[in-house]
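Heads up, the next two complexes both have chain A, just with different partners, chain B and then chain C.
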Partner chain A sequence: MCLPFRNRENLRRIRIRGSARRLALASSLLLVLSACEREKRQFETWPPSAAASTAVREVELQPGPPTRSVDVRGPYANNAFGVSEGKRLYNQMNCSGCHFQGGGGIGPALMDAEWIYGSAPENIFETIVEGRPNGMPAFGGKLGTDQVWQLVAYVRSMSGLLPKDIAPGRNDDMQVRSQEQATEKALPQQSTLPPSGERP
Partner chain B sequence: MTLLQQAAGFPGAHSVLDPTGPQAALIKERLWDPMYGTAAVTFALVLAALFWAAFRRRRSSEVPDDPARERGMRVTVGLATGLTIVVLFVFLVIDAKVGRAITATPGHDALQIRVTGHQWWWEVQYRDSLPQRWVTTANEIHVPVGRPAVVELRSTDVIHSFWPPNLTAKRDLIPGKENSLWLQADRAGVYRGQCAEYCGHQHAKMAFLVVAQPVDSFADWLTRQRDTASTPTDSLTRRGQEVFLGSACPMCHAIAGTPAGSRVGPDLTHLASRRTIAAGTLPNTRGNLGGWIVNPQSIKPGAKMPPNNLDPDDLQALLAYLETLR
Partner chain C sequence: MARVSLVVLLVVGAVACSDERPSVPSSNAPSARTTTLAAGGSPESEVPDRRGALGAAAHAASMLPDSGDAQWTIPAKNYASTRYSGLTQITTENVSGLQLAFTFSTGVNRGHEAGPLVVGSTMYVVTPFPNILYALDLTQPGAPLKWKYEPHPSSAAQGVACCDVVNRGAAYWEGKIYYNTLDAHTVAVDAATGKEVWKTKVGEINQGESITMAPLVVKGKVLVGNSGGEFGVRGWLTALDAATGKLAWRAHTTGPDKDVLIGLRFKPFYEQDRGPDLGVSSWPSDMWKYGGGGVWGWISYDPELDLIYYGTANPSPWNPDVRPGDNKWTAGIFARDPDTGEAVWAYQWSPHDLYDYDGVNELLLLDLPIGGQTRKVLVRPERDGYIYVLDRQSGEVLSADPYNYITTTRGIDLKTGRPIENHEKAPRTGKVVRGICPAAPGAKDWQPSSWSPKTGLLYIPHQNLCQDEEGTEANYIAGTPYVAAIVKMYAGPGGHRGELTAWDPVGRKEVWTIKEKFPVWSGTVVTAGDVVFYGTMDNWFKAVDARNGKELWRFRTGSGIIGQPITYLGPDGKQYVAIMAGVGGWPGAIVAAGLDARDSSAALGFVNAMKDLPGVTTKGGMLYVFALP
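This part shows the complex of A and B:
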């Protein structure tokens, strides 16, 4: 036989090489797919006055028959465009007025590991839409659901909770902090409720 | 093109070949016309030479590789090359001279206008020594006829380029850097301008109008623009104002005389006095405005304004209120 392999060992090696090649091909295709989501731009969005309470749930459990799948992660967790829009809104909607560029001041810091009301996307969504006692205004009805999700994604990028290829890499104007892309992941810790955060 | 614009209800001419200001006239008369003429003559000469070479009959007495003929051809090609270099050099000098003339500073009585580029609209501000007399509008630049106006160009996001072809040349708006140019309209009229540097999804729908009007009517316009918005008088417009202030609108838009003061989107204090909406995208009519408010993304996908799901009655009240903002 004039096959390139002479014994079983060679045959096995070639099989392995073939499967490795297949794996490489599949993973590069996957990379391409994830890149699609990274750059996807969705312009038709929910209006601000659409009920925000139906757009996010803390749990997937619900009474009655299942109606629709609930995404509690938000549509922008893997979307670089959405995160950069969130960054634009962060300044335009004056989040920076209290939280500054993440270091906090009037409001709590957003680039550290401490979270008073939870670091999960749905928690941050609720914090923005419903507000929190002693200072955090409720943006429900003033911002569209998609805009809030963009903000959620950006706020998470500030403490390195997003993949590095999704987080913003540069500023449009003067750089006042290291870029979100270079921020090391701060493992979220539940902070105790400060006295200022307690309900009156 | 002009006919098409008029048919679509758009005012404004948009042509380099119809100059209305001294700079656009310089560009046309010193650069465009001579270049066009020279290019046309050159083209005709080249074509004539080509046809002559293609159709001339070869004489039977001609010897191939005749040294005298070769020399003659070399001289001809050398002369043509030399002439081309001279012509191009002359245009280089003219170009530099026109560039200098266009950028030369006008007199001290020039009007100061600050134009800020945003994705995808133009913020226009007339400053004054008293800040309460500042006028902020969008996508419409009014200038008095015959008086130069210095336009300060800034950008908040990406590089844009300011280009009203009937009036002057292009100039970039660069984030973090202040540029300026000046323009002057010698004839009253409405002239269209356009962003001339690709700046994102809606670069094509980032237009503005330059409205040149006689000195008196310009002064009237400026005085009216300084006023705050009129207080609603009837129940419908009063409800419209409540809708405006109670919805997402004041997150981005300002109306002087109301608590709405955000500078993220265009100032709406005198919205109804403007000719177009969405940076020259649509004529400013009630129907267009309604469609724009409800779903801007269907008209200008990617625009930074989110859709608004308003109750039909609320929308009608809001439109009635916005129409009072003259």
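This part shows the complex of A and C:
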């Protein structure tokens, strides 16, 4: 027997949309029907270390007529499970050893508005896979593509860039920061220079 | 909008029932006159000593002879590491008239922990990453730049530097300047021309190794150790031939005796330190291979006993649950033969270290009247909050007295040399333990003390911090951090975070102490004029009376100070005092690296104790040199 609304996030989402109650009712019926299906999992994943896209841009300046950066959102931008997996990986792969719980230390802070190499999912993907010159290791070939996308989603949640119902809402360890869910969205800013990259 | 919501709902509904988790890989110059050296006890220089009769008189009471007070050729001033200068022009009476003589911007914005060197009429300054060496001409007005040398260390090395990309200085020896680069290379640079003589790769950043320490040159060997206790390195001290840069010997901190260079001459004082291959058997399975015990701090040398002394850093990871055993020889002190590297004695002051008390602090070699006779001792204000006085011939602990607030231990058992642990404060996996004092940086970190033979006091710059800690899962992945702890630091009792303490090691008591708002992360220097110099993280360079701690003078620098003050005689015969400003280091990373204080665990938990620092200081490396008008 499958219980309807076993997922708290679904419930919350429905409550939030008070103004569209009728829609919520209709959709909840749909949900009851759909929720009984076991989640469709995508077991087919990208080959390891695939590039995020062939047209990832880090800067707005480009020669000739501007073309848009390909918008690669990744499969977990709106997936709480993927984000929570990203959080687990963030600690297990020792990301937390350099960036801590978002405040930074060896690596830059991830909970603030500053993004040295871009805040878009495809930029973060490239940062993780290729590494960056001022100390970010290249994880390409050491993590599956799927796992990188999970990390991307979690990293974005740290500065409040994901919807509140997708971002992790609780922490089992010592409380050292506000929960990702409760973190105010930090509107991404392009950093002028990596702080550690300065030289005379 | 409504349609979007519906779609989202359906998507959420479809994925929400999942309770299955995909599997994830979970770890996956001139002459080398050794005779002069043996007697002199400090690197010799080709430059004539300008001090005249002054030095000899001032040093009559000093423990080990000194090469001269005109210059400052190694960071600790002399092999005994006293940082005492016999210069007397600047005194308690006239220090208030001290004025700025010249400045020099390094152009680097990270933490400046090094002190300048003065050899002859040239001053040498080494910067944090990218580790530029500048030579300044002291004979010209304003000390203009003579040359600069750039070693171009790998940028990637910044990713394996635990606590800002600092460098603690260079050492002069026979016409060359020796220092280490963050990417684990040692370089020798011609002191006259700035040309590279040799460059040797001694470590591997892909194993988490970096180098931040200042080398020491002893009997033609450049002694260099690695950093990386937060990256699971295997610690070592290496001797390189000063002329060629070729490896002479390497002594590991962990592993079998043949790697630790423990042989027939090894006679540790305490029972627990005797036995074969303790560097293997005191670890679970192969964990000694990535067990930490770096050598990133200070080395002292006693020419009479012909022994070098240095401390080994914390075991990796911080979380002690995963490494049962004494974890030898981390958090200990070694006495070794400088020619062969052979260990003569070792003493592990924090077996199975629980708190990242890495023991790389300075070791002052003094001859003190203890128990009615003059003893050759090694004095060390330790991370754990005790001042240890050891017999430096045998490794016996003569006394260990607290100089800071301590909750982690209840004293040191002098029969065994072991601390008496307070088990309530031991960190555990998944458990938050509060009120751990001192915190991980200890009661005192790398910042070196000075010793005045005139006052008989030790001038100890230190901090007053406590922390909460929770142990977490440890995953060793080479080249990434291996700490396994969440830490949150805060001010200790009293609310002040730093102190400068004058300590009497014979009377075993504090004589005076100055409380500072922030950790006193700078070194100290004391002169025969009875003046102690030190700097604060909130931009003050201060002179205090060595006898009573009374403040005599202060100067406002552009950035916070975490460097090492020195004093020397200029070519004009005047006494100068020099300091590098440039906030950073572990406590200053919040400013130097722009960290976010909303995460209390940032920078290994130090950020929580330094939340107000960005409001009082900004980054920027600058040399300040002072003289009387």
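FYI, the second predicted complex is superposed on the first by the 124 of 200 C-alpha atoms of A that agree within 3 Å, B and C clash if a C-alpha of one lies under 4 Å from a C-alpha of the other, contacts with A are read in each partner's own complex, and residues count from 1 in each chain.
Note that a residue touches a chain if its C-beta (ideal position, glycine included) is under 8 Å from a C-beta of that chain, and two chains touch if they have at least 3 such contacts.
Just so you know, these numbers come straight off a predicted model, no measurement behind them.
Contacts of A:178 after superposition on the shared chain: chain C is touched, whereas chain B is not. By the document's definition of touching, of the two partners only chain C reaches A:106; chain B does not.
Contact with both chain B and chain C is seen for A:93 once the two complexes are overlaid on the shared chain. Of the two partner chains, chain B is the only one that A:141 touches; chain C does not reach it. Contacts of A:81 after superposition on the shared chain: chain C is touched, whereas chain B is not. For chain A, the partner touching the most residues, choosing from chain B and chain C, is C.
In the superposition on chain A, chain A positions 41, 88, 92-93, 142, 146-147, 173-174 are in contact with chain B in one complex as well as with chain C in the other. Every residue of chain C that touches chain A in the complex is listed here, in rising order: 2, 5-6, 8-18, 20-22, 24, 26-28, 106-110, 129-130, 132, 155-162, 165, 230, 432, 468-470, 472-473, 475, 477, 479-483, 486, 488, 589, 592-604, 607-608. Residues 156-158, 175-176, 201, 247-248, 251-252, 264, 297-298, 301-302, 304, 306-310 of chain B are the ones that touch chain A when the two sit in their complex.
Those residues of chain A that touch chain C in the shared complex are 2, 6-7, 9-10, 13-14, 17, 20, 23, 26-28, 30-31, 34-41, 78-79, 81, 85, 88-89, 91-94, 96-98, 100-109, 111-112, 114, 131, 133-137, 142, 146-147, 173-174, 176-178, 195-200. Chain A makes touch with chain B in their complex at residues 41, 43-50, 88, 92-93, 141-144, 146-147, 172-174.
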